[in-house]
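What follows are several structures.
Below, subunit A partners subunit B and then partners subunit C, in two separate complexes.
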Partner chain A sequence: MIDSIITYLKSNPLLADSLRVVVAMVFALIFMLLNALIFIYVERKVWARTMQRMGPTYVGKWGILQLIADFVKVLNKEIIIPAKANRFAFLAMPVFITAVSLLLIIVMPYDYVVAYTLLIFQPIFPAISILKYAVVSSYFQYGVLLIFVILSFNPIFILLTGWISNNKYSIVGGFRAAAQLLSFEVPFLLSVAAVVVLTGSLNLYEIVEKQKSMWLIFLAPLTFILFLITAIAEAERTPFDIPDAESEIIAGWNTEYSASPFLLLIMGMYVRAFVSATLLAIFFFGGWLGPTLPGFLAPMSGPLWLMIKTYFFMFLYILIRAAFPRYRIDQLLSLSWTKLLPLSVANLLIVIAVKYYLMSMGLMS
Partner chain B sequence: MILKNISKFQGVIMMLDFLALSIALIISLAFAMLVIYLNYRLAHKPSKSEIKLSTYECGEEIIGEAQVRMNVQYYVYGIAYLIADIIAILILLWAVQSIELSFVGFVGIILLLAITVFSIGYTLKKNMLKWV
Partner chain C sequence: MTEEKQVGREVRKLVINVGPQHPSTHGPMDLIVTVEGETIVDVDVVLGYIHRGIEKLCELRNYFQIPTYLNRLCYVSGMFWEYGFVKAVEEIMDAKVPERGEWLRVIACELTRIASHLIWFSAFTADVGLMTLFPWGLRDRDRIIDLLEMMSGQRMTFGYFRVGGVRYDLPTNFDVYAEKAINYVEKHLEEYEKVIYNNPVFLARTVDICPVPASKAIDLGWTGPMLRASGVKRDLRRDEPYAAYEFLDFEIPVGKKGDTYDRVYVRLEEIKQSINIVRQALKRIPSGPYQTRSLLYPPPGIGYGWVEDSRGECGYMVVSDGTPKPYRVKIRSPAYIHVMSIPNVIKGSKIADLYAILGSFDPCLGEIDR
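Now for the complex of A and B:
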């Protein structure tokens, strides 16, 4: 049965590719949604504990089912579209923002994580090994470039969302968010350029494979710090969450949103935060490289290492959110243009010098 | 390396890129619309009063228009971003090939960086990159 399917697909490469992409995307989507739920739950719990509160406790053991209850609750809410807002665009913008954020996950190696973790069930269902062929994220030769192309849609969409809501808080929030994202994009790109100089590749898989001898964090610590700061700003998280500073402009550019459009916007934000945590793990901490974990097969420990590292950065994001106060918008923008931009240019020059030195020593090809 | 020889094999890979992106976009759009549709079907729909549909302004009476003109200084951020971002993308593309490019390419990149830093510095000196 399986053999005949494989021979049929081999004669139809386009169909086989499409099917592969669909399987990979569905995998990655389910994985991403689960992780967004876990991220929000962990964030609420850790955030509460740092404030000496309990966090969610009521639904399920330790409040584990709280997020699912919230999800069901939000689906039962009424969608309110303000009379002054543009009806069609008001519903279309959350769909676009979420769809574009979810587009990131096909480029990230999440389908690889799912496919190789499911190999646990290989002794029971031998056919599951076919999932190894469903990994498509390794084929993006320009993966890093693609991530930035997708991310650069965000300022436009956010500005539009604020504008079509026709609310003063939304518009101020939208303008602030767009300025912030634009300002931090440049040091973000320059610090990634330093990573690309050291690894010589735009493919996420090759970037990880190049770190086999040494993780980039040891080679370029300044790049890591720059990338961490700008990644938090690009994900609009505290201390750079000026777009939705509750005490000044209610909820920023999503003030007018309620029910499922609001859910979609929040989900898009968490997807972007999770993707940036994964990028930190891939660029600087060797992605899925690491010793074989005890009790797991060798191909499965790679994805598990990637998840462990990603969750470490997620945890760091949450602690940063709990510990630091918010910047003011003018302070934030001047931080980007007067400090981070010159620093990232200097960092790029340092990295180029390190690269030429290592090449002359024969330590790097 | 990659940019130099776009062979037939590379062409197939590139096509897979676009195919994968378009399929992923369709799936994620469908998912987002499904959530809104589910909400629309499941939600109970009480009557909508004029006050409920009015713009949110902390319960006060709404004053004036929201869609006002932004100060022109805001657009300086856009322009500065445009300059710096194009150069950053050029640097990113150069970085892939940095092994193969000679000293000339290196000097070119240094010049490009110097021009960027100078132009952004000039804008800062003129007090144009300032939030008002």
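Now for the complex of A and C:
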């Protein structure tokens, strides 16, 4: 039966493509939201331990269900709309922000992860093998470019969110966020450009395949450090969480939000953090490359490796958050323009030289 | 939002109301901050949100009841506030305190100083965004609070001091418990220093932020750690020794520039010195009575009692008219003087530093509003 479906879809490429995209997107969406939840749970737990606290313990075993409880609690809260704010725009902004953040699933290889993980059920449900055809949706030739197009929407939406709230703290927070994100975008893009130069591809899958002989972290450690710093800043996490510096401007651009709109904003932020952790794994640590894990089938160990690496970086994010205070906004901007920008330009030149040398030696195509 | 026109260029000034309900003020206080861009041009301090009329209450209670109110002035350093009053009354009565009572007072005061500085440290690190250290300070403070509970029966509002001595003697084996708790705190102090002194972000947020030269600090009437951070070696424990401080050997840490970093440094060093003092006192405490019988109330007269509080010099002027109730009690709060001088020192700083600076002043709204 599956064969007949596949032959039918092959004769209708348009239908097949749209079906693929829908299936892949649904899987990736569920996957991403689940991981955002896990990330929040891990962060609360790990951060609590660094603080010598226990973190959530009461709801469920080890407090696993705490986030579900919080989720339900937040949904029960009243949606407060400030009198001075534009009602429609105020409620629309969180939706836009979350939607734009979730757009990243078009490009990120999460559907691949889900589909190949589900393949372990193939002996029980043979029909599941059809999922293999769903994964190609994220095989974009210009995936890296698209990621940064999507990410560059963020400053505009955040600025607008702060502005629409019509609250001084929100406006200050919004402008700070815009200034921060815009000034870190340049070194961010330049360090990504170095990755693209080294691998010669804008495709996430090809970038990973190029690292089969050697992970990029060993070839370009400086690029990795630059990318790590700027990725943390782009995800608005400590020590670069000035937009929502709670000791100064309450909660920054999302001060006025409550209940479910607030939930959407927080979810958007965690999704961005999760995506940037995955990008670190893909660009520098060989993505899903790695030896077959003991006890797992070969097609499954790839996605597992990707997840292991992603969670390693999320762990790093949490530890960085635990160890550092917050920069002041002017210190942050001067860090970006006077240190990171020249460094990333120099880094790009170094990387070009390295690439030229390796090509002349015949070690790289 | 107000707009002002200047000759040559247009300057937009934004007035931000920080408080009385704000996540990072250390209590209900209101700062009306005028900013030009990110730079502070003016601050107006509005106080009095938790004024409880303690000075007036003192006129309506007798001398035994009053210390119970006074430790509520600042519940993180209650012992000092009881001590100041008791000292003033003892001055009027010319009362003698037995030797062991004086040493017990030293131990109580120094333990309170450690607890107070630790809770300040917690709050300050949270102000600069280092949330991890917040529970660390509270964890260590809890051990000290346990000791104070053993001494006085209360964790925060002690009621330990009385005219002519202290209320209770030390419990048995107190020195064993104290040594354990102090070692615990001392071990963690090293951790704090590792985390903050080697932290580039912490240094960027504190070094050269709001420096106050010594002359200005003296002019503003600063006392305690704030004055010592500006480089003035002034400490009542050394300059006008009371209780048993003259027999004790301790150093007075001073800062160099009087910036936020120095204010952090001085307080952390003071914790070490206090630990040192408690160790010495526990070793050398003499045996004997710890309180004397005294008159129920003092004869007519005026007495001034001042002690080195964890925030500065806390002072009481007590006027007695020979009745069981004082005629007048005037409280000098060091934190009030520090906070009211914020407009004089903060101009030109960045708005993002406001809370780091305010936090380094160690405001305690209980004693400020009284």
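By definition in this document, the second predicted complex is superposed on the first by the 360 of 365 C-alpha atoms of A that agree within 3 Å, B and C clash if a C-alpha of one lies under 4 Å from a C-alpha of the other, contacts with A are read in each partner's own complex, and residues count from 1 in each chain.
Just so it is clear, a contact is a pair of C-beta atoms (placed from the backbone, for glycine too) under 8 Å apart; a residue touches a chain by one contact, two chains touch by 3 or more.
Just so it is clear, the model here is predicted, and its values are computed rather than measured.
Q: First (subunit B), second (subunit C), both or neither: which does A:P239 touch?
A: The answer is second: A:P239 touches subunit C but not subunit B.
Q: When the two structures are overlaid on chain A, which partner does A:L349 contact: first (subunit B), second (subunit C), both, or neither?
A: first
Q: Please determine whether it is subunit B or subunit C that touches the greater number of subunit A residues.
A: Of the two chains, more subunit A residues are contacted by B.
Q: Given the touch rule stated above, what does A:N12 touch, subunit B (first), subunit C (second), both, or neither?
A: Neither partner.
Q: Just subunit B (first), just subunit C (second), both, or neither: which does A:D330 touch?
A: A:D330: touches subunit B and subunit C.
Q: Answer with first, second, both or neither: which of subunit B and subunit C does A:Q52 touch in the superposed model?
A: second
Q: In the overlay, answer first, second, both or neither for which of subunit B and subunit C A:A322 touches.
A: second
Q: Counting contacts the way the document defines them, which residues of subunit A are shared by the two interfaces, the one with subunit B and the one with subunit C?
A: Overlap of subunit B and subunit C footprints on subunit A: residues 168-169, 250, 329-330.
Q: In the complex formed with subunit C, which residues of subunit A make contact?
A: 47, 50-53, 168-169, 172, 238-239, 241-242, 245-248, 250, 322-331
Q: In their shared complex, at which residues does subunit C touch subunit A?
A: 1, 14, 16, 22-24, 38, 125-132, 134-136, 139, 195, 199, 201-202, 204-205, 350-355
Q: For the complex, which residues does subunit A have touching subunit B?
A: Touching subunit B from subunit A are residues 14, 17-18, 21-22, 24-26, 29, 74-85, 91, 94-95, 98-100, 102-103, 105-106, 136, 139-142, 144-146, 148, 152, 163, 166-171, 175, 179, 182-183, 185-186, 189-190, 192-194, 196-197, 200-202, 250, 255-256, 259-261, 263-264, 329-330, 333-334, 337-338, 341-342, 345, 348-349, 352, 355, 359, 365.
Q: Where on subunit B does subunit A make contact in their complex?
A: It comes out as residues 1-2, 10, 13-14, 16-17, 19-21, 23-25, 27-29, 31-33, 35-36, 38-40, 42-46, 48, 50, 52-58, 66-68, 70, 74, 77-78, 80-81, 84-85, 88-89, 91-93, 95-96, 98-99, 106, 110, 113, 116-117, 120, 124, 129-131.
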